[in-house]
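Structure record follows, encoded as structure tokens.
By written order: A, B, C and D. Residues from 1 in each chain.
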């Protein structure tokens, strides 16, 4: 019997397994290393980093909701220089595959960040989180604006050249996701990350005001899984040749399989790690067993399988 | 491997007993050998609601006391207030139920190397970790005084055995139903002024911790406080639990109270900035 | 002590209590009448009706998801003539307040439906469900297209005149909800219903294909409540004078209060009735008790309270 | 008030007993006086997962038998297969647990006014409502033959008392582990041909119901089948559970299997259209 092939490919980068951390849900990896070896999972996607150090948003920064949670962290972080000098070398020492996520407030900031990332070797891919407010356009989120999305990716593409794959991370909070997706692919994205959190709010019934310091927050967790599956399915249908890194509410192997069948070549696990620090290796093992039980010889065979006609 | 939470593990712990004590539940968990790594100040994060739960996040509880018994091996004691749906669920779980836990998490109270005069101040269930701490301090030759406060007597947690570990215990309730009417901070200024306190260990509502910090501000008294911020992950990966803390160079960092706390140096926490964002960058 | 005032007003129509059924989640009322008296709740919002009888979508039409469900009913119904002849008179006989929901495939169909509704007396308001595919524009949902949304409401406004209030029901699946909302208000909507379901999908792990007959479906239930609260808050902020009928994941009095504080003047309860046939009267009682406990003298005082500065 | 589900109520029912029987659980619920309104074919809708459940919809189960006992008053018996998370949760609930239920729901099997020869056909847990039905038919003087089938013997539900209520019982399993190897439809054609059957009552997988409908198609035999479609509400308000049914005038309606069923006239169900949409309009 041929051995089961669990490896996956995202725009040229190869990973031995398809389950990754989700940006912002694993910090820079150190904290999870106590619970499992980072090299055993597909890759560590690091928290979106900006040019300068950032304090983020005021607390409270989270609210639990039915089968989900809201967060409004506001991209607190050390800034790209400290991140590249300290966090990336540590991750590479652990033999983890590293996907660096960057976030900016202007088209220019993304290019600057990409240039700095390009200078470091050993990074597997660049995730470009464009679900951030564009300060040059009334704070409108880049990924909500087809033109701004394209410009960000175009700038990053020109900076990065062909060195590492560029994965554009999109928000589901748009009227026409496939059109935003094809815009960024035209601009040079090698892959897409779907989905970022869904915009939500909780009112605190003690204060009678929005609970989060940032008022609105991003909804994640199992509650949004059907939205993630739909988004991945729609985009895979429109762009069958563009690899997708799927995410949104995955907390078991069967959840991950849903996203893969819909069209994801890899799956990031975010909120589930908050509920269980060992969620990622557990999900990865469950997925492998499930794929084998369903008769697949490789992960690749299962990617987008839900689109095929029933024979 | 990294140095963060280096003794922490995720495992199933069996409930050995669950008793109502006033408005709280005293829950004893069988945890095995890991008990040796659990220090006063550390906490435990527990999954709540069972397999089909709509509650996806763990709940954090201070480890009240640890022990080693012949029948159950290592055990942890928790004091749980039935507050919202997760803690209420926990309080309803019976002996024999297995809980999915992660522990020991976070920083511990610093134990002085020389005998000192220690004042332990607890608000509500905040007294829980102080009794375990008192035992450790006593064994190091410290004098241990304790002040406990709550809105009402039913919310004072002060077990018999615990009382034996301290040199003095004074209780304050806002409604005067138990002990003296008033707040734990009422007698503190006098105690600090007459030099009978070297270190304060505190645990309780943030307003109480802040009031104590303000009181000791101009004194030489060291103040170690166990803070309580809403935590999504409890292990340092989500950045929801941050507090503004002053660095040596005068700048402010937003530190995670789950891994850089819960025990923090009260004099470095910028209480007036809690819930806000420092203006300058780090 | 003054008596607590639980009444509410939506674009001119008055209701003695603020909890309504949600369109499509109470059929035409008869089925719930076994469990409570329809006159005791704010109003019955009937299932969106089209001109002709419709079979709807193939089964399976539902999938349970974490704290939510997907449905793809496809507006099965008897057609407007049978509906107005049979269902409305029965509801009026029960002394229920009736809000008729209409749905169309063309701008013209909405006007036709409105004309027929205008001919019947006793109806409290008209809900115009524009979260339907527009057959004249590649099946693009009306409420995803600012121009089509405006044209539908404009047509209905001209037909209805000022006889009964027009409530436009919007989908949250758009990039800029406040702009769609203000477009339909400009076109003549007296109020807004927020939110319709969120587009989602579930893959069946037995067949490895989309589970629903209609492939995608609408996500409803507690999972989407944070999205509803955010949508209502955003739109109330942009249009503080436009009454909102809120809905999305309400299953208790505290949930209803969240929507009201965010800006809803009335609250429809949909999916919760599937889980409990007595959900609506229970929620209505809980809400009343909660408002009184919080010190409000009237429902009206609480509407949009979360927007006020903390004093 | 309307005529739909006119005896139905929502209330708390206590579990009187929960026993494993083969691959099923026999669960007895204390329901009080409402038992008198529960007819063979009706079903009960049960909320699952407890207070913090992420499962928001009820689960439907056929009422297997009803009884009146001195100690518990009116009780209902259910036969539950642990299938997914909801039914598994239900099977784990112990004696004494209160369940939130809505019952009696849906249509009941039609009982002939004159004694007839009745054939009861059950697949898997589909046999559950047939034993209650058999008792009623017997009391009306009918002859009652029964055919039960399943993939394997562990999935045959045929209690002792139940067997006493029928004139004959034949069991078929696909693996031959119990009874004869084969399917319940194997002997049916012969029985229909020799005129020994007037009415067939069936309950089980849709494929079985369809096969029976095809068999009786050209005969005079009446076929009442209890269908099983995925139901979100169980009370007629959601339109998820529809089946294509032929009207008198030849047109097709999509009827709700929760209120126009579960018991339907097998000859009117358009089995070939299940999961599709009729082309013409109603």
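In this section, a residue touches a chain if its C-beta (ideal position, glycine included) is under 8 Å from a C-beta of that chain, and two chains touch if they have at least 3 such contacts.
Keep in mind that what you see is a predicted model, and the values were worked out from it rather than measured.
A.B. asks: Taking contacts as defined above, which has more of them, C-D or A-D?
C.D. replies: Output for the comparison: C-D.
A.B. asks: What is the distance, in whole Å, between the centres of subunit A and subunit B, each centre taken as the mean of its C-alpha atoms?
C.D. replies: From the centre of subunit A to the centre of subunit B is 35 Å.
A.B. asks: Suppose each chain is reduced to the average of its Cα coordinates; what separation in Å results between subunit A and subunit D?
C.D. replies: Once rounded, the distance between the two centres reads 47 Å.
A.B. asks: Counting in whole Å, what is the centre-to-centre distance of subunit A and subunit C, each centre being its mean C-alpha position?
C.D. replies: The computed centroid separation for subunit A versus subunit C comes out at 34 Å.
A.B. asks: Considering subunit D alone, which of its residues make contact with at least two other chains?
C.D. replies: 54-55
A.B. asks: Counting only residues that touch at least 2 other chains, which ones in subunit A make the list?
C.D. replies: In subunit A, 66-68, 221-222 touch at least two other chains.
A.B. asks: For this assembly, give the contact graph shape among line, ring, star, complete and other.
C.D. replies: Graph shape here is complete: every pair of chains touches.
A.B. asks: Show which residues of subunit A lie in contact with subunit B when the two form their complex.
C.D. replies: Residues in contact with subunit B: 24-27, 30-35, 47, 52-62, 64, 66-69, 71, 73, 76, 78, 213, 221-222, 251, 271-278.
A.B. asks: Using the touch definition from the top, list the residues of subunit B that touch subunit A in their complex.
C.D. replies: Against subunit A, the touching part of subunit B is residues 1-2, 4-6, 8, 10, 47, 54-58, 100, 102, 229-230, 232-243, 252, 254, 259, 274-278, 281-282.
A.B. asks: Residues of subunit C touching subunit A in their complex?
C.D. replies: My answer: residues 63, 65-68, 70, 144, 173-176, 198-203, 205, 207-210, 215-217, 219, 221-227, 229-230, 233, 249, 254, 257-258, 261-262, 294, 305-306, 310.
A.B. asks: State the interface residues of subunit B toward subunit D in the complex, per the touch definition above.
C.D. replies: These residues of subunit B touch subunit D: 48-55, 85, 89.
A.B. asks: Applying the document's contact rule, which stretches of subunit C touch subunit B when the two form their complex?
C.D. replies: Within the complex, subunit C contacts subunit B at residues 66-67, 222.
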